[in-house]
């Protein structure tokens, strides 16, 4: 009984950590620009596809991964430079449509440049399941947790301990003030896209051995990541992580104890209820309208 | 009869009292000014009176009816209307349409009749447009009759808010710093408008920093500091109050 | 308005066969949904990423009621629209308290939940493989064939546009636009903003439901995919691309995005890339949408003369 | 101002119409229309199908065409969406004026086209598995792949042979898996087998250990049967192994492509599934009439595309061949005559099996067309 519960929990944590990484990317860009980047899932896909293709082509795995991360970052920077930057003052909905357009474009391009098939990467440290009190866990899941944790710590350090990170945070709180003290808003935006593209690609690389990847893999991850970020409260990195874990665990418990057909629906119902009572998500800033 | 009664009203935000145990009343037909240094809680008070915020304690009575807890639109229907310190203009609409929204309560609001464009709606709209044109002229916006709100200068928008509030045919009009950010000429013009509004029988509650204006047009003044009432009375009385001089004028001197 | 009628009436001159009529009908159906959705998104400023769900509910409502309970099509359409309206009313209250991206998330959730239900309850809906239904019959008269559907859709589109134009330029419509401009500003002059938001949410949902019912009858076969997240995104894209807060803009957006895949079908695999570039390009260079941006350009050129 | 709006709208509509009109043209060749899911969730069905059709049309044209006429292929990508499929089918019939329709990679896209195909009266050969495509029989609609019901029957037959009577079903909640699930439920009783656990997953779920744990903890489960395609079954297989489940795992014909083995890796060892002879041409008995056909097809396909052949490619090949043979017998592409001839197809040896259609059977395959295969050392092993 407990073993089953633990297994559901592991299952949920594995999915949840993946969603959390996706959600974190949303949070970073939202923080810097108040843009919801619906192409976030595509960064994950590009990370996975690029590394898998390179490995298949005979490139050693560590090099392939580094290259994949660089490719994804380049795509992120290009997206910001050519699509977001020129439309900076547009409506929120307009920018949403731009990022959706970008995701369609990136999927289309990947499908032509690479292919439409599913790809996988070898698991980083074998495929021998680890038993924990009657439940099992794949070593790769541990990799996902570890990478997620490293990312979170790294981001915390970056935003709180480095000049540039602090500047990025400042911009998100008050763009005008940041400009006054000489923080380049443009540079911050660019950096935020590069950073979340990197984050997405890292996520893409570590989850590919578990979930496989193809040119459409980013759609679902993007959607779940968005859910995670909103549930946690937009712009709150920690919130996105917890949001992702909650979504993953709810799905796993729902399929374990209720109905696997309705597990996604159950997750959304829970998100809806949270929003009804906490309209800014679990950890969102509760702003009273100043009038 | 007293038009507005504020009794022991308090509002706190996370432990900080923006308004504390405040009591005063507004007599019909008066121009009643609320003064106080920045952060004294004037705008919070307005938000409490008009239903934008709900009070933490105390109550508000409008025309002897308990109104705290009611929604702004319900208060509007009872004859309370206001403007904002931070403009709340409908920038996606024309200037005249902004004013016409102000007349919302006095128009045929039936959904089906709007959808089908029934003659009654057309007639109502025509009359409304004519009246709103007059209102815009009244506040001195004659040259903006065809303008989009988004293309108007700041000073004009301040008046547009007044016109919109007037279109609701209020018994009491609350003006939140109508002269802020205006130059001397514009300020004088607003002064005129307020006087004329009051002359037409509408009670005016005014928050304003421009002391010259306040002292010149007010019938009654309530002075606040740190959310509490510091003094009240006629302009002459308040001006002579040593607490006010110390807290308010002193702070500025 | 009159010109829209002329366009609708004259377009078939170029139609050499019923495939063109079919695309025309789809374009106009989408246009009607978008006119309704634009009231919500463009005028009242409330986003919805779940309207394909309402469209699908209308379609499945009609399919279920006509095939399983022998309800006449017009009755099925009406009942479905009422149920969808009621559903939109019930969920609208709590959802529309949310703002911006949170509202987007909530509507997206509603849409996805509807989609999952339609997919899963295969006893009623046939599951992912879809279900079929009969022609639209009314008063002993059967709407059949693409030509006849074309004229039905054309008349309905003109009716929808007329209704929308009426609404926008009325006290109710101004109140809706005021909600977009400033909710507090609208509240303090007596506009019950939350009721108006719910109202327009319901209206746009009913538009989608009615069109969904008709679409189901026209195609004779429906799959749950019509209610997917992409369907909703597609609809929003039409509205935004064509021009928010512009009734004709929504029509233009719907027509373009319905035709585009048909035109791009010949470039096969490049379709997605080109579609993405067009979406991004339009929004970058015309952030207010095609129609309003073009009009503004024309206007400034005229003024410059 | 308002006029401008309208003129703008007119211009758009006209531009669209002109663009569409540019597509239409009529010519001498025999026109084959196909709508396939070359992108979208079913792209690994549509993609090889499309490649196959293109390859063989080109090949036949090089050889001088059919009946002295060239072949012309028009393919549209419906992305797996039913409404798109229906519009493209109409376009193929009305604008491109094709002589035959091949396609509908999935049951949903096929069924979306059925009403208008029946109205227009054009031979239509579907490449999808759903049994409801040909049951009840529709005058103009045929199909080449085995039905999902047959796959289920083959699997249950195999289980029965092994004395298995209690199983768990886990299926994908999209078209293929859902339909397979429903058909399995329908026929399972005929084999004296009871489904004691019934779980589903979404096509893109990253992890299904929760569902499998539930199955693992259901008492009496003697085997697990997974109905799905794409990456889902590979994840199921890996998770199955992870949980240390030891009962036999059966997959459906939806995974009969090498990609599955590649993705699932070692975890796929010992998995059993029903598949057409195409996946194991070398292992077929020398007397098997299918042997030369599938050997040749596999060789040609893999030479042309440098990728492993899948049974889905074979469905398209069979569809094309059945049509061309019928047209040859009819001596023309007259739609009515071709339809009649397709219905008379008898003893055609295809990649999917021996096809003999009748007025009441528009598929013409029997259970013998399926072989049970087992995955051993990363390859298919015939195991009937």
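Which chain is which? They are A, B, C and D, in the order written, and residues in each are numbered from 1.
Note that in this section a residue touches a chain if its C-beta (ideal position, glycine included) is under 8 Å from a C-beta of that chain, and two chains touch if they have at least 3 such contacts.
The chain lineup, named per UniProt: A = ABC transporter permease; D = ABC transporter substrate-binding protein.
All values reported here derive from a predicted model rather than from experimental measurement.
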item: Taking each chain's C-alpha mean as its centre, the one farthest from chain A; value: B
item: Core chain by centroid distance, with centroids computed from Cα atoms only; value: C
item: By number of C-beta contact pairs, the top two chains; value: C-D
item: Chain centre separation in whole Å, for chain D relative to chain C (CA means); value: 33
item: Separation of chain B from chain D, taking each centre as the mean of its C-alpha atoms, in whole Å; value: 70
item: Approximate Å spacing (C-alpha centroids) for the pair chain B, chain C; value: 41
item: Mean-CA-position distance for chain D and chain A (Å); value: 34
item: Chain A residues counted as touching two or more neighbouring chains; value: 111, 261, 264, 291
item: Multi-partner residues of chain B (each touching 2 or more other chains); value: 52, 84, 88
item: Of all residues in chain C, the ones touching two or more other chains; value: 120, 184, 269, 271-272
item: Chain A residues within the chain C interface of the complex; value: 30, 36, 83, 86-87, 89-98, 100-109, 111-112, 223, 226-227, 230, 234, 261-262, 264-265, 268-269, 271-272, 275-276, 279-281, 289, 291
item: Chain B-facing residues of chain C, complex; value: 45, 163, 166-167, 169-175, 177-178, 180-182, 184-193, 199, 245
item: In the complex with chain D, residue positions of chain C that touch it; value: 1-4, 6-7, 11, 14-20, 22-23, 26-27, 119-120, 122, 127-130, 132, 146, 215, 219-223, 225-226, 246, 248, 251-252, 255-256, 259, 261-263, 265-266, 268-269, 271-272, 290-291, 294-295, 298-299
item: Chain C partner contacts - residues on chain B that touch it in the complex; value: 50-52, 71-73, 75-77, 80-82, 84, 88-93, 97-98, 100-102, 104-105, 107-111, 114-117, 121, 124-125, 128, 149, 161, 164-165, 167-168
item: Interface residues, chain C side, partner chain A - complex; value: 41, 47, 94-95, 97-102, 104-106, 108-110, 112-113, 116-117, 120, 184, 229, 233, 236-237, 240-241, 244, 269-280, 283-284, 287-288
